Amino acid sequence: MRYFVGIDIGSTAIKISVADENKNLVGHKISASGSMFYKYAQEALAELLKELGIDEREVVYTVATGYGRKLFKEADENISEITANAIGAQQAAKSYGNIKTIINIGGQDSKAISLDAEGNVVNFAMNDRCAAGTGKFLDVVAMNLEIGVDELSDYHFKSVGTPLSISSTCAVFAESEIIGLLGNNHSVEDIVSGVHYSIAKRIVKLVKRVGVKENVYFDGGPALNDGLVNAIENELGHKIFVPEYPQITTSYGAAVLACDAFLSESAS
Amino acid sequence: MKKVVLVLVTLLISLWADTLWLDEAKKKKCCEVKQGSVPMKELSVKSGNLQENKKLKNLSGSVLYIRDMDGKIEEHNLSGSKITFTPQYKGNYHLFLKHQEVVDGVLNVQLSTHRLYNKEGNLSCSWTKEVRGKTSDSRYLSEPLSQLPFQLMMEKTIHKHHVNCCLYVGDIIPLKVYYKGELLKDVPVDVELESGWKNTIKPNDKGMMMVEVPKSTYEQEKGDKKRSEKLLVSATYDVNESGVYDGKSYTSVHYAMSIPLSFGDTPLEYESKTLAFATVIGVMLVFSLGLYYNRRRKRKTPKEIYFDEE
Amino acid sequence: MHTEHTIETSAERQNRHKAMEAIAVLNSLKEDFKSPIRSMGYFYDLFEKVYCHHQPLHEGKAKIGTMCIQIPSEIIYALDAVPIRLCNGFYTDDEIGGDLLPQKSCPLVKATVGWFASDNFSDKPDITFSPTTCDQKTKAGAIIESFGHTVIDVGFPRTKESEESRHYWRESVKSFAVKLSKFQGKKLTRSNLESAIKKVGYAQSLYHKLTEFRKNKAVPILGVDMFLVTNAFFFDKIDEWISAVEKLVSELEQRANDGVNVAGKASPRIVYTGSPPIFPNYKIPLIIEQSDAIIVADETCSSNRMFNDMVAVDEWNLYDMIDSVSDKYLKACTCPIFTQNDDRIRRIIQLVRSYSGDGVIYQAFAGCQVYEMEQRSVLAAMEREGIPILYIESDYSPSQHGQLTTRVEAFIESLKNRKRMKK
Amino acid sequence: MTKNKFSLRRAVNNMNLVRFRFWFQIVAFALIVYGGYIGLDLGDKLPTFACVFNSEGTGGKCYVGELQHDLKHPLEGFVGFAGYAFLISLGMFAVWFWALNKGWCGFVCPLGTMQDWLTMVREKTKIRYSEYSWANRGKIKSIKYILLILLLLLPVMIANSVFGLPKLPNGLSMPFCDICPGRMMIPAFTGDFNQFYIDFSSKTDIVMTTIGMIMTGLFLVGSFIKKRFFCYFCPMAALQYVFSKPALLKLYKDGSKCTKCGDCYRACDMDILEIADDVTSKNLVTEDCTLCLKCVAACPEDGCLEANFMGATIFESTKEGFLVRMAMDQNKENHAH
């Protein structure tokens, strides 16, 4: 049996996906990335294979992506996360439909990618390197509100009043703004939905730069936050597709690519 | 009855002969007036009727009372043939002549009054009056003058026109006769014009006599606004009363008083009231119609269905 | 795990955006300043009702949209309708309008057009009257019409001194009245116009009472609050507005007696002029008053210009009332669209003098040509009078907030220094 | 505005000028037109139309009449007493005038009062008033001066041959009185309609008296449809204006407080544009001003316009006063329920 591995070494986490010859996701792992990507990556891969009961020799092709990809020497090939993300999305959303636009919110950046009918990247945009409107930003907010990141969604949907928008675009200022709002005892729900909507607005602006085409695919950690998803949907005005495991789309894409690469090699 | 009237009339005619009146000499030309100087007024006493116009030579024994516009009365004993005095103020002076003599046992008391208007005045004395502006006419006495036992008095003339300085044709002069301050209700008044026209007016039960200034008889002079004509109003009254006057004794007193007036023609003589009113009405009609149509023409204000003043 | 959720319609989205804009401003009005005024609560709630919860105010009444102050509200009230002033301050609508108008055009006009484009009103005007004031509004009327709204132009002259324009405007107002009374199927009568004039006059008198308090050394009310109050007059039920302001007046009386001061001891007194701050675009006024200055008077068409000048009737008959109403909206107006406008300069100076202002802040919307063009002459005049003035160009976008703040703060500090120097 | 304690000044500034003026004018009218019957005599140098032709009733006499009369003398006569007398009369006229300035027109003049009454009638009948176009308004201004010059010159030319011209006929002795509607109207109020006549005694008389009748007709209709119609042409106003500067009663304006709203101009019966647009000069008593003070009453700015007597403000414009007069000081409907 042959297996293909995709490794996405991101800023906050290392995502590893393993696919079989039919490009189906066999297993995946997410572990916090730290100072020594290489070491962690190897360990994480070893662990994952052990879990899956796959012998290292069965792994025939490995592709690394993410901005730590160069550090992973074992990789037979490495590609940019944009491409990986695109391919991953295509694959993950096969059942759903043809993906034309991808929104990715990572730990420290957010991307908008637009694809053509064949799924090739036509255009993509990234936010200015700033924490606002990224996973990190949500962490900060949750911390200030003294709730868990995973609770944000529930709070969002509980909000009845008008969302209290955060005018500051910078995470640091936003923090103080949120504290101010809390000070004037506004409901946490309204603050949360406000935060979601202000992120959503920024994201949608970003997406609009590359052009919004159905279907829209949303991945990255924050995609787990249903409230944010809803906010973005509202801002976009239509539905977006969120995969089962939004965080690993990129690594999965890498794995899929690994599979393709191996098959084409052996064919020649 | 008729006879009585006839007798009365003849009696009156006999009496005209000795009517006296004051006559103001023609005023001097303005140009001869010296700067600052106040001209001297000169009067003479005439007798007989207006046409005879005889000048009385000797005025000795006559008294002249002069009342100025403030009601102050000066008394002058006259002598010589003419009366002279120098008014200080601009305005009206009233002169009263009293001439008495006994003629075959009858004391003739001849009285006459005359209003004299002084155009010039002495500034130093009269500037206050100038500032005040003397507009109220003082032609008329308020009450009988105590110095005169018998008095023919003019009430305020009923004017048909505005200017109350002078008399015009058509004005009505109300007259009353007083004896020692008592109103006499049965003494008629004689009116006489220069032209010789005469008339006698009897008092009504209130003792009031109304003399309407008659229309001019000088056809050729019509339209000359400067023309003025003399009018003499006089009344007489006899009292059986005996006494002595400068040595001569008398058994009855005969009073006679005259008011010489002059009047001019008035616009009212030529007026047309109807035409005037017609003009006014006509102008009003034309003007208002003009306005109405002008507005109709350039009315931009919307139809009444959207606007309603109520 | 990801679930299905209902997705907003575009209208809902716009409303949410507006609501978010509105609530943000309302909150900072409520929370950022000391010694709040109880009776302002009515106005905060009113704006929240209308702009956050989109509750209609005038159900069952004919709503007459007006594109500018020049449409005589007296006549509208007389004909038993409600004037809704369509000058709009929402960035959301500004963005929508931005796609329909040149990028350089005035945000206020863009917002108004955007409002109609999104066709998303809590109180939708049944008919709109557009006075031909500035170019952009004039053209906006036509554009709005193209969305299928009834818009009727009301010819407005650009000179106020001349006799011709006087007559022209009087005729315009007359025909406006006719069209409206046609539309309403109601006669404009002596009595209903008279009472309308007196009612609006009374409303104005209340505004005058409010402004009197701002002459005090200790100013009992914020400029932004005043803007909110006058702004409410755009769309509120007049009677409720009146009674609310009556309450406000009596409370201010109390505060004045107690010497309550919403500003600091050293806070410079600002006279605000230029493009109208219309809710929720209180960006500049908020910045001013958040940086320790107090707006004591203003010369804008959303406030002072709307209330200052009164209708004076000589003969209380329809003909004279209509004329005096129309004269008020022409002769007295200090809008910069007019050829010469020394009156505006004189008004500003007079405001500075009588409200003992320390400086003038002149805000012009980027794209509001007339205000931009008059800037030079006003600045020169202030120079002559020795009145410090700051000219700011801004728009509705929430960005450039920080940079504006720094400019305003710098100006205000300079004013403070001047004050100290004087002492 | 907010102070509630009663003060006289406040009461005055809040007064209903229309009513005050109405009654004041009635009293003045009574004194001028009927004063004679109660022995009132204010002299013959009044700076207002106390008509000499109203011989019984008049409580004084119009100086314009006196003036024409005085001038109808040979010039030589003016050296000496007559000259002094003339100067005294003129001086006296000025003194009378200075007391009230143009207020004589706005508050005393019986002819003016009649016009105001006609205006009231029109207002009741809800007929719209007429206005002059600004151009015509400007042209009209000169007419009163022309009339003044004529009424000064004609009498002189009767008694003297000016520049060797032939003397004028005596019919022109009182040229203005002949055409002055006051001559017909004022005596008419004492029941004397005798002034309504056309005098056929001479050509000049026919012409002058006819013009007089026409003027009366114009007066009646004109002042019904146009506020203060006659005052636009009144030579008395022209004569008065010559003396207006040192007068005691003044109409002052503080231009800095003026918003040029034009309310005063709206109120002005004489359509004086300066009142609204002149923001530089202080003394606003213009040639046509009748000092009726309607502008002050109509001014909504505190202390922008004021009636000033010898430096003391007697009546000034206030916001409150304006509101009271316009009945805008309270919300009628709200007070109803």
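Note that the chains take the letters A, B, C and D in the order they are written out, and that residue 1 is the start of every chain.
Criterion: a residue touches a chain if its C-beta (ideal position, glycine included) is under 8 Å from a C-beta of that chain, and two chains touch if they have at least 3 such contacts.
A quick note: this is a predicted structure, and the numbers were derived from the prediction, not measured.
J.: What's the farthest chain from subunit D if centres are computed as the mean of the Cα atoms?
T.: In terms of C-alpha centroids, the chain at the greatest distance from subunit D is A.
J.: Sort the chain pairs by how many C-beta pairs are in contact and tell me the top one.
T.: B-D
J.: As a quick test, compute the distance in whole Å between the mean CA positions of subunit B and subunit D.
T.: Chain centres of subunit B and subunit D, defined by C-alpha means, are spaced 37 Å apart.
J.: Just give me the whole-number Å value for how far the CA centre of subunit A lies from that of subunit B.
T.: That gives a centre separation of 128 Å.
J.: If you average the Cα atoms of subunit B and of subunit C to get two centres, how far apart are those centres in Å?
T.: Their C-alpha centroids are separated by 81 Å.
J.: How many Å are there between the centre of subunit A and the centre of subunit C, using C-alpha atoms for each centre?
T.: 47
J.: Multi-chain contacts only, two chains or more: what residues does subunit D have there?
T.: Within subunit D, the residues that touch at least two other chains are 126, 128.
J.: For subunit A, what residues touch not just one other chain but two or more?
T.: Residues of subunit A never touch two or more of the other chains.
J.: For subunit C, write out the residues touching at least two other chains, lowest number first.
T.: Where subunit C meets two or more other chains at a single residue, that happens at 190, 317-319.
J.: Touching residues of subunit D toward subunit B in the complex: what are they?
T.: Touching subunit B: residues 41, 43-45, 52-56, 60-61, 66, 73-74, 76-77, 79-82, 84-85, 88-89, 92, 126, 128, 130, 170-171, 183-184, 187, 193-202, 205, 209-210, 213-214, 216-218, 220-222, 225 of subunit D.
J.: Flag every residue of subunit A that touches subunit C in the complex, lowest number first.
T.: 161-165, 167, 181, 184, 186, 194, 197, 223-224, 226, 229-230, 233-235, 237-239, 242, 244
J.: Which subunit B residues qualify as touching subunit D in the complex?
T.: Touching subunit D from subunit B are residues 30-31, 33-36, 38, 90, 119-123, 127, 130-133, 135-136, 159-164, 222-223, 225-226, 265, 267-273, 275-277, 279-284, 287-288, 291, 295, 301, 309.
J.: Can you check the complex and tell me which residues of subunit C touch subunit A?
T.: 1-3, 5, 7-10, 12-13, 16, 19-24, 27, 30-31, 52, 398, 401
J.: With touch defined as at the start, can you tell me which subunit D residues reach subunit C in the complex?
T.: Against subunit C, the touching part of subunit D is residues 1-2, 123, 126, 128-129, 133-134, 256-263, 266-267, 276-277, 279, 294, 298, 300, 319, 322-323, 326-334.
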